[in-house]
Structure formats: C-alpha cells, structure tokens
C-alpha cells in the first residue's frame, strides 16, 4: 500500500500504530479469537485519524501493509484499500470517547455463544468475579458489570445508532456484544484494550461454564 | 516416491501443489483436527489430475514424498503408492465443480460429535451467525446454511452416490459431514478451502456449545 | 528497580528466587491461568523475607525487575514498588508454615468456576482420583482431599482471619479457593508448589467435567 | 544413572529405546496428558527386558537418564533407580503379548473423567466412529470396541490379576482404563502405540461430548 498521509499526521506515528496492531492481531489470532479472516483492530493516530486493519485478511498473517489510515468518519485516507465494513463502529468510539486510543473486535467461541444466549435479554450482567476489577474503573467484585448485546445487522448505521442511544442514555459502556457475531471493547491505549478484552473473554467463558453446571 | 508425471502436467505445478498440501496438513494437524493419521487433503493440478495425500501417514509429519498424483477417476499416476480409500470423494468434487482447486477432509472433535448428533436429521442448519459470511456466496447471517450429514459406510461408491444425488437435486453444497467421521469442504484455491474449513469448524463448535447451554 | 537488600539477605539468593518466579510466571501464563494481569507468585528468600511479584504486571511478560522483596509482615524492603494487595495471603503462609518455600496464586477458568459452584458448601471434597497422590502426604485415591472455598472480599484482613481460623482449628490445608477469584497453593520448594498447582487444576477441571455429565 | 546392562542387551538398543521414550514423553506432556509428574512409558528392549521411565519425574522435562532397564518381572537391572510402582502393568503386557514393543500410560482429563463415568458399568463400548479403524485389527466403524474399566487400587497385584483374568477369558484387549486414574494402551512399535493412544483419547473425548449433548 503506498500510503499518502495527511501532512498533519507524522508518518512515524502511523507506522508505530500499524506495527502495534500487527503484533496484537498475531497474538489474538494465536488464541483462536479471529477465525476465518474475521475480526478487526484499530488505534487512534491523532485527534482526527485512526489506523485500522484492511478488510478480509487472515489476522494471523498480517503485515504492515494490511493496516490503513481512515478519518473519524471512516473515509480511507491516502490509499485505495477498502476499510472493513465495520470501520464505522471503531470511529464512533474514537469520536465519542476522546481518551480512547485502541479498539478491538474479535469473534471467539465464548463471545459468539454468549451473544446468542443473552440476545433476548439484551445484556449480560457479570457479578461476583474478581476479574471484573481488570476493567478500568471497577474496584470490587460486588458491583454489576453490564455488557449490552445488540441485534446483528448487515446495515452498519443501525448498529451505530444503537451504540449512540446507549451512550446518550448516559449508561456505562466498557464493551458490547453483537448477537451471533462477537465483541467490541477498547482502552486508553493498546495495553488497556487488550487487558479489557482478555478479562471479558475470561468472564464470558466462566459465565458459560457456570451456566452448564448450575442448570444441569 | 519416484513420480512419473504425465507429459501434459508440468512437474513444477505438481511440486507447488505438494508443497502447499504439506504446509496445510501441518497447520491443521497442529490444531488437532487430524487425529491418529486420519484426514486427507488434495489440490487440483490441471483439468484431469489432482495431487493428494498418500494413505495412512501422520498428517503432522508429512513430507513432499507423501503426496501423490491421481487422475480424476482416482487412479494413481506414475507411482506405486496407494491413494487414500477416500480419494473418490475428492475426485468427485473436482469432476463436478470445475472451479474447485482444493478439497480438505478433517476429523475434529466438533465435526465428529456434530455429525453424530445431527445424523438422524440428515443435515445441520446454521443460522444467525456472522461467520456464515466466510462461506463464499453467503452475504448475511440471516440466511440458512445447510450442511448435509450422510451415513458412514466403508463402501465409498455409496457415499459418492449420495453426494451425486444431492448435487443432481440442484441443492447448494458448500460442505458435507459423514456420520461419526468428519467433514469435507473445498474452495477455488487452498486459501478459500481453508477459510471454509475454519469457519465451519467454528460454527459447528459454537452450535454444540449453544446446544449444551440452551437445553440445560 | 534499584533494590537495596537487607544486609542479612544475600543478593544472589534474591536473584535466584526472582529468576525462578519469572520463569514460573511465564509458564503458568502460557497455560492461560493468569488472565488480564491477574495472579501473583512468591518464594521464601530467608526466615524473614520473601520475593514476590509487583502488582498489576502481565504475568506472561515479567522481567526480574517485576519481582520485589517484602518482609513477612508484607512491607516492601529496599524499593518503592507496591507489592500486590494480596501479599498478606502469601506472607501468612510463610509465617505459619516455616517449611514452605513457594506460594502460587492463579485464576484459571476451572479454579474460578469451581470456586463459584462450591462457595455455598464452603469446600470442595475430592475423592477417588489417582492424582490426589500428587499432593504431598496423600498416598491413596481413597482418602478425601478437602479444599476450602472462602468468600471473596476486597478487605484482605478478613481473608487472613479465615485462613488463620482454619489453621487454628488444626484442619489439613493444602490449598484454598476464594469465591469467584482463584486458588492459593504452596510447597516446600517451587517444584512441589507447581506440582500441587498442576494437580489441583487437573482435579478441579475433572470434577467440573464429571459434574456436567453426571447430572445431565 | 550409571546403567550396567546385561551382556545380552546391546547398549545401543537400550539407548535407542530411551531416546524414543524421552521424545514421546515430551510430546504427550505437551498435550497435557501427563499432569503433575504422572504417567509412565516403556519400550521392549529384547525378549526379557524393557526400558521404562523412572518414578516421579516431570514427563515434559525427561532426559535419557530418567529411563531405566527392568526385566519382565519388573526388577531394576544395573541401576539403583526405583522403577514406577506401575511397572508391573507394563511388564505384564510384554510377557503376555510377545509382539508388543511399546506400552503407554497417560492421565488426560477425558481418560480420567470417562473412567469415573463408566466405572460402574465396568467397560466403555465405542461404536459408530470412523476413528475406531485406527486401532489395529478394526476395519469398520460398525463393530463394537470394548475398553474395560478396572477399579483403582494402590495394590498393583490386584490390577495385574484383573488384566490376567480378562486376557485368560480370551476377550479382545486393545487398552484398559483404571477408575479415576487413566489409560493403558500399547502397540507393536512406538508409532502404533501412539496411534492407538491418540485415537482412544479422541474417541473418549467425543463420547463425553456427545454425552453432554444427548442427555441434556
């Protein structure tokens, strides 16, 4: 990709973001959370731009040329590559949360199954797990961590609207699931986004295991 | 294997296919989808020939001499090696689908268990999973993806007949399971065949997990 | 960390402990038992000191500077680093069990789920498993191995009191679970502590699997 | 270990067996089938001797000095090392089956859980799985493969008697489980023994998964 960066975006910063995304994508692919070229990852480059994975590549085998620049309306900048159809969900978070530095979307088995199981309720409520404290701002296992489950759609603006409605209602939002699809989560930097993703994967997986045992 | 290739088949093309099959077999063995020397893999070499794994080898330790040439009637070409008993199922797909470039057959736990569970119904119907879109031609999670489950037999012509009957009826066929046995899937090239296999493994695994939770 | 060791603690011994903790942390992180920077590990340095992991680091990526010295009241020695909030649970074991050389605390899925499932009963009773013999002092699968499950709390002294009460009652204690949280176990040296941890993880995991099958 | 071999046993053959056992132990430990120093492995050296793992070592970190020579009555030959308490179960198979070249005993989760679940029935009956054909002499998924489950005991002669009684009754025996403990299987050479072990692990695991789904 011959990437032509806007003059206000230092190339070196884009490069550092691209490198970090590639490294993260390989690690998450190694965990089996990005089956069959699914999933997408991004980092904020500056106030108006983000670096994001190009659509449809095998996330275990990404190179730096598989990362592209977009503005926060989701337009490709300086490249003919097509950004992921779900770019709008990444840029929405960067627009609404100025401190967010990285957004991760994966498709693990636990994420997908939990989203189906709790779709009718519209949310999963996590309580009583020490690892809830891995989510920034949570300081006890006694609080309830609510993760909404939005209906899936191939029409991205519908999903953007649902996330906007949740945020506009002033409800806490650390992550959300899409029914039959996967999870979105984020953090101030890539390390925090990864910690959130790892903790949520663990919590969802535990909740499913407990469900098999409690109701049997 | 001293392989004597037909004059119309460039040796270099057979070699490239053999190398790709060996690489794929190692990766799939690493996922645990080829237990106890099971599974077989092939690639189309030209309009009339395919390269396929020799019977009974450990799929995690294949070398290029473990790949042989067959014609599309399943006859060994230029070698005394014995092709897999299931070669007929590979060549059938190449004969009936001229665009298909690779066929994969594996035996994961999810594939085997799903085949037993849905054998009486004769098919698995997948719906509501975003990852259905990883199958070529599927563009929404809302459609139903039907994967037939055929009864197992040690007599290959019976299986060939069942697959022919399904195709002759004009029904879509992206993959099929054999009861207690495993999955067959394919693609225009090896990358597509692997994406189909990975997506189907994930979908079957999710469906089984959901089954444990929904009915409990 | 510029660590100033007390004059009675040979620096070389602290270094050897730190190196062993780092190696162990990497191996346990590789098994997925330390999600999202959770878990902590320690080794006894001498009669009055222990080496322990600094709070909040990714356990798969520890270096020797992520290990600090504490006295057995849990005070940091010769460093400004903050020891884990759970340091008191490590030093309690070293104080009460003079032979103990290593304490391990992890958060695997099986440990977390088992702790939730058996919290109401207050203990898990393991019986009939050959691997119970991997716990020092156990010489038959016929005995009952009791692992208490203590309620979780963010106030460490409460947990310390519960462990003290158990020990003061003279009951055997090889390990304990904290509800929704994870396991603590130990051994005379790191090899024994790891063998105990590996055996308990296996036993809890088997017990959960059996629970899914027996009651269904 | 300064091993003094009997004059009729070429040292080079013992060395080759020891090397193969070490390699196999590492691979099986990597699969998680040898938790907490459990499991033991052997190979026939000649008509009257076998090489076997020394008791109590971590199977993922064996060296050639962790393998010792025994005669087929289970006596250590030319070494002060203590053979595994379960050596008698290995040598029994070599005595009664002159063609057997390797015996493997592991403790996977599926093996342990299946043994508990089917202990009351005294056997597991596998039918309808294509992978049954990976067991030598099995040529169709339609036959029933019977794996006895013997009660566990810390007194080895009782187990030896149970295996003898089974064999004396002329019943086929490809492997056996011990309740709460693990599996024993074997083959004419190490490759066949490993293929049997891998196939049985897969079949037991599938059977358990199917059990969770069928009865729920």
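A, B, C and D label the chains in the order they appear, each numbered from 1.
Quick note on the criterion: contacts are C-beta pairs under 8 Å (C-beta built on N, C-alpha and C of every residue); 3 or more make two chains touch, one makes a residue touch a chain.
All values reported here derive from a predicted model rather than from experimental measurement.
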{"item": "Where chain B and chain D overlap in contact partners, by chain label", "value": "none"}
{"item": "Farthest chain relative to chain D (centres taken as mean CA coordinates)", "value": "A"}
{"item": "Interface composition of copies chain A and chain B: same or different, split at half", "value": "different"}
{"item": "Approximate Å spacing (C-alpha centroids) for the pair chain B, chain C", "value": "46"}
{"item": "Geometric centre distance via CA averages, chain C-chain A, whole Å", "value": "33"}
{"item": "Two or more partner chains touched - positions in chain C", "value": "212, 216"}
{"item": "Pairwise touch network: line, ring, star, complete, or other", "value": "ring"}
{"item": "Touching pairs among all chains present in the structure", "value": "A-B, A-C, B-D, C-D"}
{"item": "Residue numbers on chain C that touch chain A, as the complex places them", "value": "35-38, 58, 107, 109, 112-113, 116-117, 152, 154, 178-182, 208, 211-212, 215-216"}
{"item": "Chain D residues within the chain B interface of the complex", "value": "128-131, 134, 139-142, 191, 195-196, 198-199, 201-202, 205-206, 209-210, 212-214, 216"}
